[in-house]
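Here chain A shows up in two complexes: once beside chain B, once beside chain C.
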Partner chain A sequence: MSVNSYTVQAVFFYIFAALIVGSALLVVLLRNIVRSAFALFFTLFGVAGIYILLGADFVGVTQVLIYIGGVLILIVFGVMLTHNVYSVDIFNKLGTLVMGTVSAIVTFTMIYYAIKQVPWLYIGYKANAPTTGPIGRELMTSYLLPFELASVLLVLAMIGAAYLIRSEVKVKKAAGNGGPSGERPADGIRKED
Partner chain B sequence: MHFDLNYSAILPQIIIGVTLFISATIDAFSSARKWPVGIITLFGIGAGISSAVYLWGSNIVSFSQMVSLDEFSLLLFITVMIAGFITVLVSLKYVDDMEPDGGHFYLLLLSSLLGMMFLVSATNLIVIVLGLELMSLSIYPLVGFTRDRQISLEGAMKYLILGAIATAFLLYGIALIYSVLGTTNLYTIARILSTAQHMTGNLVMMAGVAFILIGFSFKVALVPFHAWTPDAYQGAPAPITGFMAAAVKAASFGAIIKVVIIVLQSFHVPVAEALWWLSAVTMFTGNIIAVMQKNVKRMLAYSSIAHAGYVVVGLVSGTAFGMSSAVFYLLSYTFTITGSFAIITYLEKNDGTGSELSDFSGLAKEHPILSLIMAVFMLSLAGIPPTAGFMAKLYVFSAAIKSGYIGLAIFGILTSVISLYYYLRIVYAMYFEESEGRTDTPVPAGIAAGVFIALWGVIQLGILPSDIMNFAMQSIQSLIH
Partner chain C sequence: MVDYITVAIYTVMSVVVFVLILTTVAFLTLAERRISAFMQDRLGPNRVGPWGLFQPVADGIKFIMKEDITPLEANKLLYTLAPILTIIPAMLTFAVVPFGHDLFLHGRVINLQIANLNVGILYVFAIASMGIFGIIIGGWASNNKYSLLGGLRSASQFISYEISMGLAVIGILMVYGSLKLNDIALYQGSLWFNTIPKWGILVQPLGFIIFLVSVFAETNRVPFDLPEAESELVGGYHTEYSSMKFAFFFMGEYANMITASALIATLYFGGWQVPYLHNIGFIIPKFGIVHMQQWLVAIIEVLSFVIKVGFFLFFFLWVRWTLPRFRFDQLTALGWKVLIPLGILNIVITGALIMLRII
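Moving on to the complex of A and B:
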């Protein structure tokens, strides 16, 4: 359509992009895990904004419902209910910080050049149509098998998690603490727990 | 609208799924001892294997080209189900000893089988991811099954985190490929790539392929991506370690072979070169570090890394014969490693010890037959005739030589000479070292049965390999058609 809508779209894109990158940096760099969790809110929110900007209304709403409404709340609750979590200093060591920065820059450069090099098909500006209906139809027809498989996957993930966290049935074998974790094999792989 | 539901395309999966349902029901209504659940599971897997044998020769693509039932997927179904069958046999007593009310062992094993079967029969990248995740998410709790062992939970945790990173790589690679081609269907991708020459040198495609390769390399533990393997393999209950080494590896390699054959033959990226390096480094590192191990489970973990390298040698050659030899290798390794871990399961004590090298000392005096069979398994892992391992290595290396990768073949043979040292050390310990006095328990019937099935496979594939190799050739042909 008009140049105007491009400009508006671009402005919103950069606002959301800055929000995502800035808050994601805070998630990594903040020393307090509760603050990191709250910074994550803005990251996930920014991603939802990008989705909606791209016309993916269903994915955007799902992002808000599941990631902000579900996952993030769970994380915050998990953090708050964990004993003594406030006093833990989770700031990364300088070595890992340098390594992380270097690998992030290298990955970014690689992907940047890859995306720059490819002649993308330009489909122009399209008015956004609602996507929920078509997605639902596709899930029930062409993507029926992956849809059902995903539901099996979720059930099994729940079963596995439930069994791992259920309370001990018996308190036998208190002494049998398995392999002594302090004894490290001579392969130099296990550096830390 | 193209919409087809042919349920016979997922018949073996349906059988495993129904077994999962029945086992879960029986698990809920049974007492604390769970061997009946295991028996039902055995029958279900047996029925699954029978259905796969019965369906041999069919070629059905269904569910809107999401899955295909061809000889390739059927052969890998049979491979992973044999691994599952032996694992359940071996675990019948083990599960009840380790964990009261441990029926979820069988349920998770079945669901991971289900994931593997969707993984190898998928013709769509989405189904590949879902199958891979179903497999992995079922395996993580199984690694941590013995919850009172710290080392077990540590292994499960490391596997979970690195497995999640692997999936992230895989998904990102798929997203990149989708962004260029607009499809996740393997056949459509292959068609676009074979017609559109300008795709050659497309960096986003290349990055996508590289990310997918990295994701799979994590799953099959090729060397730069193997860090989780020793801890997870050592920490996991012994039967599960065998299952992981056999079935998880076979299923993941099945997906790799499928993607390479269908998609990458028409896309000219230096995949063979990348695989060349991965396999050389993997064979070398796995075997060298295995030499230094004192714990047999950990030793076999590094050995399994090295074996993944040998399978990749078959992939590097790129020919139908090379791919078939890789499939043959997976089948032979399945028999050998599940058998070895069946014996380790017998030796493993309730507190998780009993798998040190010294625990094998003098085993031959007390259990002459078991020791002899263990020696056969070790010779098969090392690649000594007349065992399955020898034929597998022979096929893989001759495929590499035929395709001109003579250097890689020679390097592989050299590394397997190194491996001879640590495999024979177990044999030496069993026959020539003095026992430190072990409490002698009879070998449980389940373990004995599992060991004999594995032994039969090792001998059968070692002496009469050509029949099985023909099946492997047919399976690869069914992908090329």
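Moving on to the complex of A and C:
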């Protein structure tokens, strides 16, 4: 490992850090909520870049897959389909601004001291060391319980989502008139019931 | 130390692959028109150059010369960014696809693959899910109801079929035990009962069907081209786009097709593998060894990869001009009620077969 590689690493770190901070500011400050959601894309992408820079390629790629490919698309979906999204005044008033600043400072301090107190185990820089295998092994042995709990949580969320759709269909049947627009999948379910 | 020669080699390789993909995209548009014409008993574009070979050039000039219209009520920034966000991921995914094994040149081993990432196949999924973002944003920013509906359909279709695609790939990962695409291709050269190469299609037939159907849905191709169903949505998410912005969406779709064909070839048809071909030549059990130069082996492997990808590109076109389009509820039902349960079944069967040491 020469000085050269460290310089390259530092350059990329600052690029990603600037990307994260800049786009995160845009998320908060932009008035157009869809543009905010779009700025979040770059924030999440930058975080993935930092993970990969740390040698955690699996976490980095999963970050892109889950947060950009899943969560962010759902957020954009929600924002786009919300009726009259422009007429909502999302610009922060003074009260929320103060509250936001206070909570941001408190959170930052907490995380800062948490990072300071942890005795970090420095294992040295291993470029391209495979991480997928060890992560899978740990998840299936030492961390099996949290892993399974997370699965239970996801199953609950899925059952909840299915329940919400089904009860809506019942209401529609009783009322007779259509609900909000854009419900072709729900129509499909009703036909088969 | 940064090895400058290695960096230079891989830079040149990525530029070559990039140019090759763009060229293939250009000629794929011609191939699509010629093949569709052939299937409909027409001639297709055959006037520009011999057999119409310069038609893509003419199309490109036409795209550049056309007026670039931005709708008055569109969100200008996002409207411009969307095509870029669609084409970049389409180009990026090819980086992890191996198009050959190793090439030994002047005591240097060159992987015939731009980046042999540890997370290989996951990288493809991650970047592909970024590509869908451009379509949604483009559909929304056009400020047109057809575009918006096209974008939403595209996203919901992508999310549902990404699950079945992932489930199908889990079967492959269980059999070959690696996320690296090069390893997956390499292990498909090992022999089953000392005679048959363990290609993905043979060990994962059910997984292959699920993957194939999902890939067609992911690339928005017929029979799953609902995001741009012209009879319902005018042009879908790119209704308002013209000139080079439209061309970017168009090229993105074709580039995705190339990556999808390359993935099908790599995961289920041995990638660059030729049966019984190893670095020293053909090793045929109970027959003997036919020695060959290493560079010749490398060329044959790359050719084998190109032929496989070419076949699946043709398959994409073949299907497009043969099958009618699904209805949207049929599409969702197929994804959630058929392919996902089948994918889970495939994982269970694969697990059982691995425990029984059959595969």
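Everything below uses one rule, namely that the second predicted complex is superposed on the first by the 126 of 193 C-alpha atoms of A that agree within 3 Å, B and C clash if a C-alpha of one lies under 4 Å from a C-alpha of the other, contacts with A are read in each partner's own complex, and residues count from 1 in each chain.
As a convention for this text, contacts are C-beta pairs under 8 Å (C-beta built on N, C-alpha and C of every residue); 3 or more make two chains touch, one makes a residue touch a chain.
Owing to the predicted nature of the structure, the values given are computational and were not obtained by experimental measurement.
Visitor: Output check: A:I33 vs chain B and chain C. Expected answer is one of first, second, both, neither. What do you get?
Guide: After superposition on chain A, A:I33 lies in contact with neither partner.
Visitor: Looking at A:I20 after the superposition, I want to know if it touches chain B, chain C, both of them or none. Which is it: first, second, both, neither?
Guide: Touch status of A:I20: no partner.
Visitor: Please work out whether A:Y143 is in contact with chain B alone, chain C alone, both, or neither, and reply first, second, both or neither.
Guide: first
Visitor: Contacts for A:V47 in the overlay, against chain B (first) and chain C (second): which applies, first, second, both or neither?
Guide: neither
Visitor: Report for A:A161: first if it touches chain B alone, second if chain C alone, otherwise both or neither.
Guide: A:A161: touches chain B, not chain C.
Visitor: Looking at the overlay, what does A:I75 touch: chain B (first), chain C (second), both, or neither?
Guide: Neither partner.
Visitor: Determine, under the contact definition given at the top, whether A:T132 touches first (chain B), second (chain C), both, or neither.
Guide: second
Visitor: Name the contact category of A:Y113: first (chain B only), second (chain C only), both, or neither.
Guide: Only chain B is touched by A:Y113; chain C is not.
Visitor: So which positions on chain A get touched by both chain B and chain C?
Guide: 185, 187.
Visitor: In their complex, what parts of chain C are in touch with chain A?
Guide: 1-2, 75, 77-78, 81, 117-119, 122-123, 125-130, 132-133, 136-137, 140, 148, 152, 155, 159, 162, 179, 328-329, 332-333
Visitor: Of all residues in chain A, which touch chain C in the complex?
Guide: Interface residues on the chain A side: 2, 4-5, 8, 32, 34-35, 38, 41, 45, 57-58, 61-62, 64-65, 68-70, 72-73, 76-77, 80-81, 128-132, 184-185, 187-188.
Visitor: Quick one: in the complex, what on chain B touches chain A?
Guide: 1-3, 5, 10, 17, 32, 63-64, 66-67, 99-101, 104, 107-108, 111, 114-115, 118, 124, 126-127, 130-131, 133-134, 137-138, 140-141, 144, 146-152, 154, 156, 176, 180, 202-204, 206-207, 227, 230-231, 234-235, 289, 292-295, 298, 302, 350-353
Visitor: Can you name the residues of chain A that touch chain B in the complex?
Guide: 110-111, 113-115, 117-118, 141-146, 149-150, 152-153, 156-157, 159-161, 163-164, 168-170, 173, 175-179, 181, 185-187, 189-190, 193
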